[in-house]
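One structure is given below, encoded as structure tokens.
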Amino acid sequence: MNKTNGLSLSLADLAERLGATLVGDGKRCIGGLATLSDAGSSDISFLANKAYLKYLANTNAAAVLLHPAHAADCPAKTARLELDNPYLAYAELSRLFDPLTMQASSGIHATAFVAEDVAVGRDVEVGPHAVIEAGAILNDDVIVGAGSVVGQQSSIGAGSRLHANVTVSHGVVIGKRAILHSGCVIGGDGFGFAHDGGRWHKIAQLGGVVLGDDVEVGSCSSIDRGALDDTRIGNGVKIDSQVQIAHNVHVGDHSALAGCVGIAGSTRVGRHCMLGGGVGLSGHITLCDGVQITGMSLVTNSITEPGVYSSGTGAMSNGLWRKNAVRFKQLDEIARRVTRLERQGRSE
Amino acid sequence: MNKTNGLSLSLADLAERLGATLVGDGKRCIGGLATLSDAGSSDISFLANKAYLKYLANTNAAAVLLHPAHAADCPAKTARLELDNPYLAYAELSRLFDPLTMQASSGIHATAFVAEDVAVGRDVEVGPHAVIEAGAILNDDVIVGAGSVVGQQSSIGAGSRLHANVTVSHGVVIGKRAILHSGCVIGGDGFGFAHDGGRWHKIAQLGGVVLGDDVEVGSCSSIDRGALDDTRIGNGVKIDSQVQIAHNVHVGDHSALAGCVGIAGSTRVGRHCMLGGGVGLSGHITLCDGVQITGMSLVTNSITEPGVYSSGTGAMSNGLWRKNAVRFKQLDEIARRVTRLERQGRSE
Amino acid sequence: MNKTNGLSLSLADLAERLGATLVGDGKRCIGGLATLSDAGSSDISFLANKAYLKYLANTNAAAVLLHPAHAADCPAKTARLELDNPYLAYAELSRLFDPLTMQASSGIHATAFVAEDVAVGRDVEVGPHAVIEAGAILNDDVIVGAGSVVGQQSSIGAGSRLHANVTVSHGVVIGKRAILHSGCVIGGDGFGFAHDGGRWHKIAQLGGVVLGDDVEVGSCSSIDRGALDDTRIGNGVKIDSQVQIAHNVHVGDHSALAGCVGIAGSTRVGRHCMLGGGVGLSGHITLCDGVQITGMSLVTNSITEPGVYSSGTGAMSNGLWRKNAVRFKQLDEIARRVTRLERQGRSE
């Protein structure tokens, strides 16, 4: 697939859009975006990480986004767009050149099923074989991909895109400009049962899910509906693929959850938190604002101070690990032996 | 979405259904269920956990389910339904007030595809764009959600509900009253290959999957089909979201598996086991009945005694963790040094 | 479901196909494949693991695949097909008797939606309610299951099978003979954002995903598209269920990834690597060829030597674990105390 969308913009135009200082020929036209090593003569590239500085000297890019501090490293033949946050500028250009964003709405496909009482805004697109159930609301500029299902009385905020095969269950509220990736499920039942007589008795999950504005949910992720109250995801929260968010969890604004994170029921995650890949949070705990958890850590208690937290052991060769893992089972005993030795030393 | 279904029942009626002792006006009508803090004057609430006792005094609920031991804590204006297990009673009421359970079957949707030879019971509902393949059996009162697929020769037990976008592959047997959430896949191939010449050679997975009665499977969970025999899930087993159950696994009756659990091939889990979120079980091991594994633990050996088992390390600040994780790699050496010190002490 | 496909082959024919030495009646006909303990009189079975030797004496199988070294253990009434790698021969027979492989293509279903400009090869099958978007290519002998979606300008290699409810996003290239299981998503957006002003700014993911030949992807797994370059999966790579592969990851030829593996962005996995269930790899690291990681290990640094690597602690009773996990938080301090004791010993 073409990685560009046919757009061609002059460097002067790009510099103005990005608020960058241009050094080079403002009339030169740019048709795409690429890495320093892959860029061709009609591409723009960027330097946002010193590790890639080595590719700058030999890039074929027509122009490079970079911080003024790196101006001297840029070959003379290459135009420069200087700005404070080249990575942010790259983000903006990536959206500008995205083939998906240029496609005009194709309306409601003939094979889609939209229930009679669905409220449909302006420029809404519903793909082949998608299903919009009774009482749902699709606000302006919503795109629902092929095979996606929007359940009864759910509402999708303006400008949101559901990719193919997304499931939004009944009674779910999705904010504006959401991006929901294929296979994700918003509003499946929370895992709630009463135990009696050796059996599990279903607790119907009567709550819903409320997503704020500008939320993204990765492919095959699950956000479960609340038991009585709603599961709540704040504004600007970004959720990667294969994430599980249990019932009644709240995630604060602008937090980011990497792939394979699991959050158990009723836990509160603050604002501006970052959970690394595979992190697990126990149920009924609270993380304050600004907490970062490194990959695959398990958090079983509330965290009340911002900062970086970890658990687990680093990886090592299996032979060394076997010896150490056996010792871990003796660790309390070893600690007691050290204390005893210290006492003996003092008493001598 | 309304969290109730229009039902209105007198307290006397509710008390009788639940086998509770009513203290209060039996003619008062209840239209919904809510937490102590959110309940309004036509809602019933419940006290099942002492942590919520603080909300009891100021609840606006019309009535509260509680244990007789807490009767004195209940405000006089609030009716009481006293019973031994208020959480169980809450579970029963949640199902009573569930909007989903009140909807009459809407039959087979015009856009669904049902192969000619499918056996369809009474009051079966098949949603828009669902697909029922050749030779499948849908027993009485089955509901198949929009976009779900039931594969060739699979059988869905009476009273089961497949939510939207569920996949049941071919040759799978689902028991009665199953609840399968969106995005789950029952009967994908097990991960079986023969290794030869540096390559993996596919082993066709000829077994199926058999789910007992009253099984629930969460969103985006996978239960893989057996290699030759079947993968088997017992009666009353509850499986959360994002769970992976590999080929030829057996899970015993009334066990519960929390989110993100992974069970490798041919492992046996006993009856009444509880696996915490993110737990991993190695292949070809056996857990006896009544085993509980805490969150994110890895179990690599069989467990023959009921009880609670754990692995891993708790979370701590990243600075402290870095120092300790380095020491873990030296742990066997440290243990040997302690032994040497002890010997020196004895020989002096 | 029948676990066979009606095929009936003589032992002589089977021996020839497998290159096995037959000891027994070559005219005897075989109609199925089963384990030693389950096999009936028209089945063939196999012995590939000494643990199952105990079932050989009493098997009812008509014939057994085994290594010549076990010939003497086989009952006289049972025919033997002797060969060096009976497990590989079992793999071949499993495919031969697979009911799925015998079904003739049923063409493009009347309810499927195939865009006008899709290129469709010979003997292609597209199931009910599947969607093939504009510019896609379905090569010869491709099967697309019910409800699956192939996005714009994606290409599916000859002989590939997409099971039901698979999603291949736009601009993805799938090699020959791929097997994609239900619920998997190839080409969802990578998790890329620029951080500025306390907010996350979307980086459009302009790269694609390229899968080599003979790749298998399990149910509900995600392979995300690249940011600018492509995410790349080599030839013969086997990926289990519930796996997450982030953007710009490369996985080398003939590697195998077990269930629930997560690989963060831009990481390189070599050829012939094996990642156990639940393994996590940090971003931007490299594993050389021939690396094995045991289940649920976290790898945060590159690995440059082939071999087996592990992290974590084994499982133990919760009581013992609590004591040891507390000590882990003191481990650096304990190590320092041991050093101090050693110094005291030397100075005395």
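A, B and C label the chains in the order they appear, each numbered from 1.
Assume contacts are C-beta pairs under 8 Å (C-beta built on N, C-alpha and C of every residue); 3 or more make two chains touch, one makes a residue touch a chain.
In this text the structure is predicted, and so the values were computed from the model without any measurement.
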{"item": "Required steps from chain A to chain C (each step between touching chains, minimum)", "value": "1"}
{"item": "Copies chain B and chain C touch via same or different residues, half shared test", "value": "different"}
{"item": "Distance from the mean Cα position of chain C to that of chain B, given in whole angstrom", "value": "26"}
{"item": "In chain A, residues with contacts to at least two other chains", "value": "129, 147, 165, 183, 220, 242, 260, 278, 312-314, 316, 326, 328, 330-331, 334, 338, 341"}
{"item": "Complex contacts: residues of chain B adjacent to chain A", "value": "1-4, 33-35, 38, 85, 87-88, 90-92, 94-95, 97-101, 109, 111, 127-129, 145-147, 163-165, 179, 181-183, 216, 218-220, 236, 238, 240-242, 254, 256, 258-260, 272, 277-278, 295-296, 312-319, 321-322, 325-326, 328-332, 334-335, 338, 341-342, 345"}
{"item": "Residues of chain C defined as touching chain A within the complex", "value": "113, 129, 131, 133, 147, 149, 151-154, 165, 167, 169-171, 183-185, 188-189, 191-194, 196, 198-208, 220-222, 224, 227-229, 242, 244, 246, 260, 262, 264, 278, 280, 282, 293-294, 297-301, 307-314, 316, 320, 323-324, 326-328, 330-331, 334, 337-338, 341, 344"}
